[in-house]
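The same chain A turns up in both complexes below, where it pairs with chain B and then with chain C.
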Partner chain A sequence: MLIDRTHKKWAVFTVAATVLSIALYVWHVVALKQYAQKDPSGSTWFGLAYGFLALGLISFCCLLGLRKKVRIWRIGRAQTWMRAHIWLGLLTVPLVLGHGGLNFGNNLTLAIMLLFATVILSGVLGLLLQNLVPTVMMERLPAEATFEQIHHVFELLRGEADEMITASCGSLEEGGAAPAAILAAPAPKRATVLVKKEGGLQGKAPAANRAKSATPLEGSEPLKVFYVKDVRPFLASGSLRGQRLTSAQNSSVIFEHTRSLTPPALHETLKDLESICEERRQLALQLKLHGLLHGWLFVHAPLSYLLLVLVLVHAIVSTLRY
Partner chain B sequence: MPIFFAVQRGPAVAANARVMMPSAVTTIGSSPDADVSFPGVDGLAPLHVKVWLDGRDMKLEALDLSPVSVGGVKAVTHQIKLNTVFDLGANLSLKFEHTPSKSSAGGTSVNLNAVASKSGENKAIPALRPPTLKTSVQQAREIMDKAIADKAAAQAATLSKKQDPPTLPTKKTEDKSQAAKPSGNPEGPVIADTAPVTTPSEPPPIVPAAEKSDAASAKPVAAAKPVVAAKPAAPASKDPPRAIAEVQLPYGEPITLEELNKIPVFNGMPGKQMAKLPGSVVRRKFKKGEIICREGDYGFTAFYILQGACEVYIGSPLASVTSVKQEDKRGGFFGLLREFKHKLTGRKVDPTASTSRRMFIPVDGPEDLPMDNPIGKLKAGDLFGEMSCTSLYPRSATVRATEDCEMLEMLNNVLFALKDNPTYKVRYDADYRHRALSQHLRGVSILSGLDEEFINQLKERVELVSYKKGEIVVKEGDDSDAFYLIRFGNVKVSKHYAGGEVVLNYLGRSEFFGEVGLLHGGKRKATCTSLDHVECVRIRKPDFDFMLSWYDDIRENIEKIATERERAGELRAEGVPNVKIKDFLGQGLMQAQSLLLLDLNKCTRCDECVHACSDSHESVTRLVREGLRFDNYLVATSCRSCLDPVCMPGCPVGSIHRQESMEILIEDWCIGCGLCARNCPYGNISMHAFPGDAASEPAAGAPNAVAEMTELVKKAAPKDKKKAVTCDLCHELEEPSCVYACPHDAAHRVDARKFFASGGDVRASKV
Partner chain C sequence: MARKATSDNPVERQKAYAERVDHQYYLQPHPWRTWMRRLSWFFPLFGIAAVAAYSFQQRGQQIYLPGAVSSRHAIFGHRCEECHEQTQGKWGAVNDAKCLACHDAPIHDAHTAHFSGNIQEQLIDGKVVKVNTPSCSSCHGEHKDHRTLRKVTDAACIQCHGDLKRSDGRPPETQRIINFEKQHAEWAVLRENKPDTTPFKFNHAVHVDPARVTWPPDVVSAAKSNVAVLCVQCHEPDQARAYFKPIAFDKHCASCHGMEKFATAIEPVGKVKFSHGTPELVASEIRSAVTSFLIEHGGSPARVAAAAAAPPPGDENDLDDSKPKPVKAVPVDTRTSEQWVHDNYSQILQPLFFPDSLEKTKKSCLKCHIPEGVDPTGLIKISKQKIPTVWLDKSTFNHNAHRALDCISCHTQVPNSQFTSDVLLPGVANCQTCHSQLGGARSDCSECHLYHDRKLLIFHGKRSIQELEQGMGNQPPLTALKPPPESVVEAARKKINAEDDTRRELLKSDWMKWATDRKTQLTTRAEQERARLPAPSADPKVIPATTAPLAPPVVPSDKVETARQKSPAGPPVTCPNCKKVWPGDVKFCGRCGIKFPAN
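Moving on, here comes the complex of A and B:
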């Protein structure tokens, strides 16, 4: 959720409510010290009020997960729920602090406060990531694919590259001409060329079809070796750690070097191979960024539900004791 | 010129029981002597009848003739001289008054409306009667029925007499194979309602022969006079016609021209034409239970059943995933629960009600299939597969032989020749009127309120017209003179705006057009062009007006639809820029009336939009979060509700259509042929597979044939059957679910032209 001008009303409300809650807390503390000579705590009426209010808001924030399960129910737009989740969630901070009187207690209450701090911080982190990462993905991943399809795309890229190289350089096994099956194979399932942003439109265009040769082209051995040694492992699924082509700069240098070793007839193939590698890099980056964008939820969500449970326990126990 | 009156309205009850004023039927002669027969008058004399015409007392002296017996009912025929010439199509108001004596006034009177129409012969035109009339015109009805029966008998007699086609005068008369060929599909529409009624003394009408390749403009059928061909035929050669190609259909045994001529409906086929393409018609035999053609398969031939019988059915289960009709319809607590659930999801209509206004599924055969029991019968003499043959559309239904059959399978050259054959044409049209026309009329939702009696009358009055590919059926701005019901083929409805022509809709079989002009202003509001071979049922304006005058609910429905269509057209006009449309359309995105854009700066790739779409459509998403990018927006793969929905034409069962608002709907009876998916240039229609044995169970009380067929379907249908799915803009809900469910304000539905015109402001261009 991008925090933009459309959040103004929510921000104003939250800031105002925070200021008000702090002001009331200060008044309460002053009055308590002046008239009752007591320190603020959760068992005062003020503390209880803040406590129940915070519980209500925490419960509401936890409902967001359930709200997402009934997406098409007309019980308020999802973005309204999300905004309420963010801003009312932030509002719980002064309320919780005011409830405890800036006293974290021990055992259960201490655990609750630590949990609460973690939930809030993870939420804020998630908010920051959701504001920054999408823009990074948009700018750096023109070849972005649907996340669940990424590994399938890896296979397609490798298949395409295999066919390309086999058609030009012969079988990827030692010696031998291109197998008949490869020559008879239809056009690559996915042949992409990155289209630079021109006039605001960017996308993917199919690579030009090249004639397949029955025998390896003269001077193709360096390309074949390069492909088998560097490119093919790079295109496999899995981590790119330690791979020479992981860095775009390195990759550019290596390809340039290979270009110098191969005849001009193969330069077009090299160019296509380079773009396939670029796409592979982008997809690897997409995996990382996607992890960032959603990974924090694995901390935030379960801890939120745990927090709710503990807060409920605390509320019941405290009320009974009170 | 001869003028005839088609009397359309009659009185409810005659004031004097002994006097029957003209009501429904008049036997018409030719002016200036107009014979008007007053049925049911029994022995009254003298009978003085005054005639008013358009409010003018014609001051005619009605001659009281002797009563004559017509159909066993005594009637009196009066000879009236009007001495007036009328414009064709002129609406006339007649008033007849019967008075006991010449000088008396204020007798029984009746007002009748009539239309001056042109016809070349004495023809009893059965007038439309108001449906509430009962026994007061019982005798008149008997006269009308007899007149219709006599006409049908005369037609049959004409057909049986017409064995050898007349030959045209040619320079060389030795070539007897050059038979007269009817104009069939001339430059203009062929009016082919009923064959002209001729008296036995008159020769049968001859229509000019015109080769298909000829540019000669053939005239419509002019009966009662032999018509010579406008262009003399090519001189006959002594040598037999040379085959230009030999066709080899994959199955069946070729049939020779001589053998073909022995079959009555093929008798008179143009031998020269047939000889050019030998092998283009073959004889095929099917055993009982054999499948002749399967729905969704591509075909290029038509079949004519010589003997035997078949069943035609749609093998796909009538649902995409589950049938809405199977939803629990119980009342009480569960009914309340269901209603609450619908309220929660914001459904505008109750999904248990039929989402389609149709009662029949249009298929490529003589009859459409009823929605609740989609099985039809074919018998000897039936022709099916025309659309596949003429326009190469996929087969619309599965045909299975229910007994051993013998058929002719033919290519489109033979099919066109057959349909041009007057022998076949008359029978085909009569068969259509008898079997399918009332079904078609009733299948049109707005006409479903017509009662059987009225439909039976209407059937005899409509015209059956046909158009070639590219022909304009009605033109924007022309006078509206008829209402059209599409019997066969596809029609494009378009309108001209400042920036160019915009397609409003594509219409297929059992859809209709022409009502807007008839209701609002009398001028055509759009142009309708045939996309392929089109056959229409044409209801003339007087009949249409009469129908609306008697059926208020139909009038209301038609006016509602006409208003919706006009409004939809106006909305489109507002959005069409006053610039060259083709410049925008060339970019593809400008076609979109509702583009789903995902703001990539806000989108967290959570796929909530996709999940919401799936939840709204029984776990089948119509949206893919992948596609072209424009600036920071992703154009998701989802129906764009294009200005020109090229996905629509050609659906063999008419399941894809556009509502009066912009959304494209694919109904439950889609047979999964994939034509629309291939036609969509943006890949926004996908084929969704579902288990083949998910066929809906027959409803309780359904005929045994349905239960038996369901079992057959389950056995015959493949394990995985596909149906086309596309975004329908969540037409049952208040707002598209994808937009509603996005938690990050990243999904927007925009009007493409407004979006680009505003420089990418989604808020300013929201749909």
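Moving on, here comes the complex of A and C:
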């Protein structure tokens, strides 16, 4: 979530609450040292108050997952929930530290503190990434697609390319230029599902399955060979490592060379093919940036639930048994 | 035909992008969402399973501990009930009785007691006063580390000692003690300028000055004779190396100040050897030696006189009879043997105990000792020397921990101290140099002061090995869990109260006045003894028989007095550094060690 002006009230509240909690903690420590000769700990009334407050805030932050899961609940806007999640989550830091008297404790409490630190740090990292990465994506990814649909778009792009080549160079299955293994590669599972589910689905089925073969243009053989050997494997959804067209610079040179081998009538097709490869590169970059943008959630969210469970165990055992 | 996705028209381009997307994609499973859901279930369930599995183990409760049990209690650290009371399934605070089941923790003061629920009504000076006694756990915090377990914070001490009032009604030295560095008062002995009242004369300045030390040749060779006496040659560390053994004549003085120097040769007995001991012992040895001489020389005074008058044996080669042989007259000694022994014994003892001039004092017992009078048998009274080995008995000190330091760097007054009455204790400012935040050495209360009265410590364990390893089980409760008998507590209180009374009395009395009175008393008594002496006989050959006690000193009383009394005191001197006022004859500030300019 972008931190913008709409967060101002939340930020002010959080900073004020943090300052207040630190001031109260200092007062408590001084009073405790002076009158009770004790070090601050979670078992004092002050420590308990901070502990239960932190428990409440952690529980609330964990409810964000539930709020996202059930989108139709009318319990505040999701954005408001996210703002509260961010700022109240940060507010738990002084409360938890005050609860423990700036000690990390031992055994279960130590595990909880380490877990808490991990969750907070991963959350802060995620917040930073979500404020920085989208700008990069906007600048470098004009052909951005929905993340979950990227592999489907790969297939669409390959189908579109197949259709263009078939129209210009004839059927890809004819002639000996195409390696049988490449052409025999099965269509992706997702593409198959989409094709089967007609009605509510959009997009096109892979062209290789339905493109009608046309009479090949004269001099189109180099293009066909180039497509089958380099472009089609590049367009397949998988790793781009080792592909000749992965680098935009190399790709430009290779396409220029192919252009010199083909008649001018095919240059338009080559241009479209080059743009399809460029889109493929952008989508590959989007996959990487998306991993960066949302990957931290694999640490933050599951560990948050684990933290909540352990905190509840700690609170129950400490309150009822000690 | 150009691709729509690369069209220059942005609307057309976006439309092309949008056409690709399945708008209900979120209904389809995706690996990211799937794995996120799986992990979000797995981690909490794993946490619950781990906690449950650990809780069923033998030491499962340990995961709930706020901190590790210190290594000192590790043997039963997994059994919470060894320290904590359990009521209605909840673990409560630590009861003092649980600590005292193993530990012998003597009470701190008669006015505090264990098993009190921390507040107890006590009868103090005829009034019922509520006394707050801190619990064991308020000072000794467990579940941290053993250093924290032992170390008592300053705050624990300050709660009572921070704002103390004096029992004698005088204003306190400091209004409120917060820490050692700034508020600690000067040691009482220095603050009240109390002298060392040991009846002894010792000059430190002479012993530590190489130019003034005269070494006997059998102790130090001439080549090495220009060295001072090292402090450790006399101040020998005790077994713990914390303090020093008491100074003993045989060990620390005799090598230079041997008793043979004090022996006086008289006719006809000669030099009589005697050892260092009480006046009674010295007198006994001299009498024994004189008696032995008499027996060896005929057994009667007449024979001793005859033997003394006999001509010396002649030269066997001298055959010249013409020369007249020297004839010595035999004196008539009519004294009885008892009288003869007594007279010779008195003649030897007189210069030792009662020198007749200041010069002769240097060869008498009075060179070092200050007599307290004359006993009925005529011997001087010299009390047993009790040079304090510990000056600050309310605290502990370890000289061994300070062994890197030169003695003089703390005891700065030593090179100029001429009198035993000088208290050469370093002032509190000297300690504060290092024992402060700036100095770096520890400066908390427990560094020097102990809470528990170690004098009441009974080194007697209360637990068996089985109890420590397996717990109490069904065994009957330990007797140690009960409070100690009232008689024991009462005895301890009486002892402490008696000590307090003595200290209070000492505080009230003026030590200097006491010392002056005591000396006046002694002088008066000596003059009375001298008045009882018979007049000396006119005939030197006939020594009158007397059974009167030995004569007291004939030296004028002003010469017998110590050099300290003779030295002019002068006006009081104020230290330019700490502004403390010292008597006029003090040459150094005992607090900060600054040398005063000579008047």
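The working rule: the second predicted complex is superposed on the first by the 277 of 322 C-alpha atoms of A that agree within 3 Å, B and C clash if a C-alpha of one lies under 4 Å from a C-alpha of the other, contacts with A are read in each partner's own complex, and residues count from 1 in each chain.
The rule we apply is simple: a contact is a pair of C-beta atoms (placed from the backbone, for glycine too) under 8 Å apart; a residue touches a chain by one contact, two chains touch by 3 or more.
Model, not experiment: these values are computed from the prediction.
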If you stack the two complexes on chain A, which partner ends up touching A:13: first (chain B), second (chain C), both, or neither? neither
Figure out whether A:68 sits in contact with chain B (first) or chain C (second), or with both, or with neither. first
Which chain, chain B or chain C, is in touch with more residues of chain A? C
Thinking of the overlay built on chain A, is A:2 touched by chain B (first), by chain C (second), by both, or by neither? first
Once the shared chain is lined up, is A:130 touching chain B (first), chain C (second), both, or neither of them? first
Classify the contacts of A:27 with the two partner chains as first (chain B alone), second (chain C alone), both, or neither. neither
If you stack the two complexes on chain A, which partner ends up touching A:146: first (chain B), second (chain C), both, or neither? both
After lining up the shared chain so the two structures overlap, which partner does A:81 touch, if you call chain B first and chain C second: first, second, both or neither? first
Across the two complexes, what residues of chain A are contacted by chain B and by chain C? 145-147, 200-203, 294
Across the complex, what residues on chain A touch chain C? 33-34, 37-39, 41-43, 65, 103, 105-109, 143, 145-149, 152-153, 156, 160, 190, 193-194, 200-203, 268, 271-272, 275-276, 279, 294, 297-298, 301-303, 305-306, 308-310, 313-314, 317-318, 320-322
For the complex, which residues does chain A have touching chain B? 1-2, 6, 68, 70-75, 77-79, 81-82, 130, 133-135, 137-138, 142, 145-147, 200-203, 290, 293-294
Residue numbers of chain C touching chain A in their complex, please. 1-3, 5-6, 17, 19-26, 28, 30, 32, 35-36, 39-40, 42-44, 46-48, 51, 62-68, 89-91, 134, 138-139, 141, 143, 153, 155-156, 159
Touching chain A in the complex, chain B uses residues 343-346, 600-608, 611-612, 615-616, 624-626, 628-632, 733-734, 737, 740-745
